[in-house]
Amino acid sequence: MIHISVYYFGAISLILIGLYAVLVKKNLLKMLIGLSIMETGVNLLLISVGYISGRSAPILSEGVGPNQAVDPIPQALVLTAIVIGVATTAMALSVAIILYEKYGTLNVEEIRRLRG
Amino acid sequence: MNGQYAALIIALPLVSAFFVPVIKAISKKAVMPFLLLVTLAQVGIAGWVFNEVYTSDKPIIVMAGGWRPPVGINLYIGHFAALFVLIIAVISFFMAYFSIKAVKVEPLDKYAMLFLLLMLGATGMIATGDIFNLFVFMEITAITAYALTAYNKTGEAAEASMKYMILGGIGSSFFLIGIALIYGATGTLNMAQIAQLAGNINPTVAQVGLALLIFGLAVEAELFPLNAWAPDAYQAAPHPITVMFSAFVVKAGLYAAARLLYLMQAVSTWHSVLRLLVIMAVLTVVVAEFSALRQRDVKRMIAYSSISQVGMIAFALALGSQAGVDAGVFHMVNHAIVKALLFLGVGYVGIKLGGTTLEDFEGLGRRMPLTAFAITVGSLSAVGIPLFNIFWSKVRIMLAGVSAGYTWGVALILGASVVEAVYYLRLIHRIWFAGGGERLSESFALGAIMLFLVALILVIGFYPNYAWSLAQKAGADIFDVTRYVSNVPLMGVGA
Amino acid sequence: MSERNDDFITYELQEFKLFEPLFRWARKKSLWIVAFCTGCGGIEMPPLATARYDFERFGIMPNPAPRMGDLFLITGYVTPKTLKRIIITYEMMQDPKYVMIHGSCPINGGVYWDSYNVVKQFDKYLPVDVAIAGCMPRPEAVMDGIMEIMRKIESGKADGWKRYRDNYEWYKKNQDELFGEGWREKEGKRWLAWI
Amino acid sequence: MIGIDWKIVLEVIGMLIYATFMGFIFMGIERKAMARIQRRVGPPLYQPILDTLKLLGKKESVSHGLIYDFGPVFALGATITALLFIPIANFQLFSSNADLIVVAYLLEVPMLGIMLGAMSSGNPYSAVGVQRGLLTMVAMQLPYGLALIAIVQHWGSFKLSEIVALQSVHGWSITVPALLLAFIVFDIVFQAMLGLEPFDIITAPAEISMGPMLEYGGKHAALLFTQHAVQLFAETAFFAVLFLGGASNLIELLIKQIAVLFIAIFVASIYPRFTIDQAAKFFWKWPTIIGIIAVLLTV
Amino acid sequence: MINDLMILIFAPLVAGILAWAFDVRGIREAIGFIGAAIPVVILAKTYQTVLSNSINYTITVGGFKLIFQLTALNWYFAAVAAIVGIAMALGMISTSRSGYEWLFALMSYTGVLGVFLSQDFIGFFLLWELMTFASFMMVLRNNRHESLKYFVLSVIGAYAMMLGIAILYAKTGALDFATIRQALYMDLSIGAISKGESALLFVLFLTAFGVKAGAFPLHVWAPGAYSEANQSYTSFFSGALSKAGVYGILLLYILMGAKLYAEFGTFHGHLTFAYVIAWIGAITVVVASFLAVLQEDIRKLFAYSSVGQVGYILLAFGVGTSLGFAGGLFHVLSHAVFKGLFWLVTAAIILQTGKTKFKDMGGLAEKMPFTFAMGLIAVLSLSGIPPMAGFASKWLIYEAAIQAHMPLVAGAIFLGSGLAFAYVVRFLYAVWFGQRPSDLDNVKEAPLPLLIGMAILAIPNILFGVAPGLVTEYINKAFGSEIVGGDYFKLVTPTGTYNALLVTIVLVLGLAIAGLVFLYGATTRKIPVTNTYQSGNPVIEDYNLSIRRNFYKPLAEALDFWLKYSWDRFYERIAGIAEDFADTLRQSFYNGNVQSYSWYLAIVLLILALWGVL
């Protein structure tokens, strides 16, 4: 069980690191990086949820039947999540470019024309 | 007659979205008519689904690939989903037409694609029966929404999009954590099965999982204090998109939250989640109403109003009683109509007069009487004047709220409603009794759409019986979990 | 008011056939003085009213309202300015009404016989029933004058009001000669500046 | 009501003549007593009758319009009405048909008549008089009401005849401590009701010429004098009925009325005049406080 | 589905919508008038049946069962509204030139009728809101600030009621009056509703109804709203719509009386809760009447006067005895007729002169004799001159208050009636008498429909004044007991009597005697208004000697300490604070910085985490 908790610990650390970046860094790019880190952490968490101690990857081959493999569903989920994450990041970066064009800065404290 | 054709409500927009480039290749001018056509087709399908569900009084379960849940992913088109898919389709159709007038910024083909995907995402969120599928649809909705928010390519649009994205990103991450926890605890992603198993899982895990799911959805559903992105996005997005945000994108999030909430009824700490949600909802109403009070930009003002109304819906849905859910659903329907009308009217004014500040609305009654009339009706309805539709749902919510023991919440919401009355009525005064100007010509088709919505408001206002019976059925669909579970043909797991 | 200020001429006075003697008695015993005290004679009124002479025992009572007054006391010299007021007040009083002038000044100008601004002969402008000579007449003399007017009322000789009606043209002519035509209007307008 | 009761008709006619006559005599008494206090001889007691006859005998009469004529007529008519609903000595008249509240109101109605006429004359002095009259009424209304309430609460009836009957059994109102307070209040108010110093602000001869009376002359003034006489009689009778146990015959009533009148005259002859806001403040201070004590004692 | 009641309630609304849709001169007025007349016809038709058995109409709307019932008591209120309503319609034919006004005037008419006839809280609330909204729209047209003040206070009231309704619904599970009443009665022994909740319910409903009735200290909307609407409509607004609040108080008694009595008991022999109402009424009477006396605008004067007069009704209901109810109900009628009449007279004056301030008016009695006569009737009735409806009802209230041993409250009535006298006389003087400003020389008599409307309201003033028994007998029948005895002309209470006919006869007799004396004197000679005694100074038309401004200045001087305080300003300040608070909230919460927004999310997460742990 020890190594399972390592995954959990790692996942939660990643999430918190990402969150830290979002909450503290003023630069928009750093915040986006923080978001990505957070997503990675979440993905890791998802994987570890499906992990069953002592089993192999869920690829059905010789000697690896459904009972020997870890839960395959989280892995499928993570794949989807990664794709979504990529899309989001791409989207975000393109928006960041526009922002830099229009505002001349990426400091989020200065990008606040919409308020109140 | 085969219910499986109902999958078309997902398939049609998805497929047509990717056909847009093809259409563009043929003729650039054909893109918007194509969009109109697809949405019209969607209206047809949704109408058929609606009719099917409400005549047979049974939900349509679409099983992907013929696999029975929980192995296969299923769509659950119950009374609620059928009703809302129809609303989504109809409003999308109107907005597709409005887009022809309103959206001039290129590239229109991208706009059409994103438009269809947004519609698809919202439809999917409402129709799906699988929690991870929900996440996927939510992300589709969210990403298209980010993109559409930024569509105008102005600094403000990009800024609003950025805010939406960061907050949405955090929200969806935690939503995913919630899924992970629930999955870890139950080993399934099918909603019906989760409902069955919810009673047996570790209450702490269930509570945290549920709370995280709600948290993630609350960002989409604009609950205080997670709604900071909303006014900006509403204001900066193209006018048709604002209508869609307010009319159904938010509602989809709300619905998902409510669905998950009621599915997890069996969780022992369920009531404390409800209480948290009620607190957030009440705060949403109060803060949003006060924020709208001295707003100079009408679109933003109505955005705040929309947020507060959504808060009211959330309040109703979080009451945990049949009456509350019915009222909430009823309010959802009414609010979708009213806010569609208002944003449509305000958007049209924005296009015609080049701005949506309060000053632009002076003398609107003389310049654009039809639009002014529509905005007036919408405003009066939003205030909760009797013989307009929102009156009925508001009354229902208040009755349900006090019955559920949240007298303080009802009192606060009613107090905030007074504020709402003030700013809407100031707007009406400005429209009709201040300033003046030349008469402008108004689009006939848009006028017809507005009049249709006005008529809908008045019909529901004068004779709410039919709408109320729909809302009751739809509400029962959300609230009655056992029926939900029994309707889904689960493979013998648990049961 | 200009066009209607003389319609009392055409107005037909009421004749009380049956109760006329009773009313005449009452008129005599109840003289109300219009307290319009001009000149220096006004100061002779308080002794008349107070404990020493007490004219109230004859039913005489000072009254600030001309409408119910009977006896108009002109208690001293009269200037054109005052005369205007006196005429207006007199015309407001209701018939039968009596005028009593006090002292020499209203009779012939008295010590102001050569003043440019004092009315020398009062009865050119308003009919006088009783005139008391003296400068000033003592209260006893005034009382005597009042007794005289009471006797005249009883005998029906106090007919100044009738004379005013009958000879209005003449009085009016004299008034207009003194003040000029349309003096009421002019006087009224002059007053505007103070408002 | 259909069959005319001749007895009551005779009573009414007799009482009207008596009340008018006595009212004039009261006015004469008022003037005479005032003169005697000032060490004068004073006019004969019947002087007010002469005055009235003289006014009625004026050969000319002017009018500012219909309302100007209607005012005095209405005032006298209403006063007569008020009089006929007060039980006067052993004559009950119509008093079984209307109670204290009605009479209290009817006694105020003449004021409206006078005001109407005065106002329609358009004379600003009259207007000031009207204003003062109404403000005096407003000011005195509260203590007046409290005094009446104290009476009603103590005796438990609104009917004047019953109040009289109860007093004949249990003693006069003023023998009851609480009602003695009410009596004091009522007496102060009475001064204002009669328009005597220190509350003769309405007519205030030396300030605003005669206030509301200024424009009246001839028969209008005669009507108002008659009205004043009847009202004087009615009010003193009302006072006597409320606080002095009514009366069993006219002589007894007369004694009580004159007693009441003399209190008023004595007070009037030694006090100067209040200004109107002083009067209001005065009425809302001590009389009201005493009145409140009185009503609370009788609850 | 279609029966008399439905037509009764919705005919005005339908007519209003039609009048609005066919916005053509002539047709609009005709439709509107018919719509206003239908209720009168139906009410007249049902007069006989309603005393013996009630007429019911039930409709299910949106899952709620709306019950309308025409009972004896409702009929009374509805009839009052209908009389004023038809007079309003006639007045509006003259004064209104827009379909907008017809729509909302008639909509509020429907609202008022519906409020009176509802037998369940949803219908009641629905029509209550409709009535508020419609009347608000009438004011909004002319003045944004006043209308919003009115609406905000009304809506606060309405929402207080909504909360109350919801609490009752939660406690009893019912929305119809009959069941709620029964449930609350049963609750006396069960005790499911605690003392605190009862108090809350009482305060909520009192707020709701108090706002509409203009009870102190919630009266601040009334002067502005009454004066800024079309004056013909104001006759209905003040005459009938404010009665909805009064009706609500009555409803409070009917539904919760027993419960409130059981919870709060008595205070010196009075029902405690009723005592509160009585004092609110008394304070309203005094405060509003004082303010009315000091007004300089004809509309404001009557607005405050309306507030004060409705205070009488509250006071009468607060007395809590059956006599009090009878008096209050009678005053509902008489206030409706005389104040409706006043407002129509005001409408005529404003229509013909275009002026509203006293300082601009004067001497109109010669120019508008009929209007003046009507105004005089209203004045006599309001100030309580005996053979008028106003006196009969006031008399009952006096009797009730004093008989119930509420001396100080009764003292307030005395003071209030003195003040009423003062302000109506001021109205008479400033508008009708005295010297006429030269710009009013061409004023004409009011148009015919307005005059007919006035006549319709003037007749009841005299009729029910001479024969007050007509009303009291109906009230007796409605309550099913002999509250006020006597016959048509004579009112008899246990301790007092008032024979209106005899008073009238004697008054006529007195007038005849006085008239004979008058006729004996010299025939009168008409003199112009300038022929007045100004110490002998000549008076000409060029300056106006009539005192119109600050007529009651001495009173203001005597009251200057109290006039420093104003509830109106107090509420305005609260509203200002709320707006500033809104700004601060908005600026600090939605500050535009996405990082702060992220922090909100983080904080919520933290709360979730802590809350999950704890």
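Descriptive notes on the structure:
Chains here go by letter, A, B, C, D and E, matching the order in which they are written, and residues are numbered from 1 within each.
Operating definition for what follows: a residue touches a chain if its C-beta (ideal position, glycine included) is under 8 Å from a C-beta of that chain, and two chains touch if they have at least 3 such contacts.
Predicted model, so just to flag it, every value in this text is computed and none were measured.
Note on connectivity: the fewest steps through touching chains from chain D to chain E is 1.
Chains touching both chain C and chain E: D.
The chain with its Cα centroid farthest from the Cα centroid of chain E is A.
A count of contacting C-beta pairs for A-B and for A-E identifies A-B as the more extensively joined pair.
When every chain is reduced to the mean of its CA atoms, the largest separation from chain D belongs to A.
If each chain is reduced to the average of its C-alpha atoms, the one that sits nearest the average of all protein C-alpha atoms is E. Here the spacing of chain A and chain E, counted between their Cα centres, is 67 Å. Distance from the chain B centre to the chain E centre is 44 Å, each centre being the mean of its Cα atoms. Averaged C-alpha coordinates put the centre of chain A at 115 Å from the centre of chain C. Chain C and chain D have centres, each the mean of its CA atoms, that are 35 Å apart. Of all residues in chain E, those that touch two or more other chains are 521-523, 525, 527, 530-531, 533, 535, 586, 590, 592, 594, 598. Residues of chain C found to touch two or more other chains are 8, 11, 13-14, 65-67.
Counting partner chains per residue, chain D shows two or more touched chains at residues 56, 58-62, 209, 214-215, 218. All chain pairs that touch, listed by label, are A-B, A-E, B-E, C-D, C-E, D-E.
Against chain E, the residues of chain C that register as touching in their complex are 1, 4-5, 7-8, 11-14, 36, 65-67, 84-86, 88-89, 92, 184-185, 187-189, 191-192, 195.
Interface residues of chain B, counted against chain E in their complex, comprise 162-163, 166-167, 170-171, 174, 204, 207-208, 211-212, 215, 219, 225-226, 228-229, 231-232, 272, 276, 287, 290-291, 293-295, 380, 384-387, 391-392, 395-396, 398-399, 401-403, 405, 407, 410-411, 414-415, 417-419, 421-422, 425-426, 428-429, 433, 463-465, 467-469, 472.
Looking at the complex, you find that chain E touches chain B at residues 60-63, 122, 125-127, 129-130, 133, 136, 140-141, 144, 147-148, 151-152, 155-156, 159-160, 162-163, 165-167, 169-170, 578-579, 581-583, 585-586, 589-590, 592, 594, 596-598, 600-601, 603-605, 608, 611-612.
Interface residues of chain E, counted against chain D in their complex, comprise 268, 293, 363, 365-366, 380, 383-386, 391, 395, 398-399, 402, 405, 407-408, 410-411, 413-415, 417-419, 421-422, 425-426, 428-429, 432-435, 490, 493, 495-499, 501-503, 506-515, 517-518, 520-527, 529-535, 545-547, 551-552, 554-555, 557-558. Those residues of chain A that touch chain B in the shared complex are 15, 18-19, 22, 28, 31-32, 35, 38-39, 42, 45-46, 49-50, 71, 73-74, 77, 80-81, 84, 87-88, 91-92, 95-96, 98-99, 102-103, 111-114, 116.
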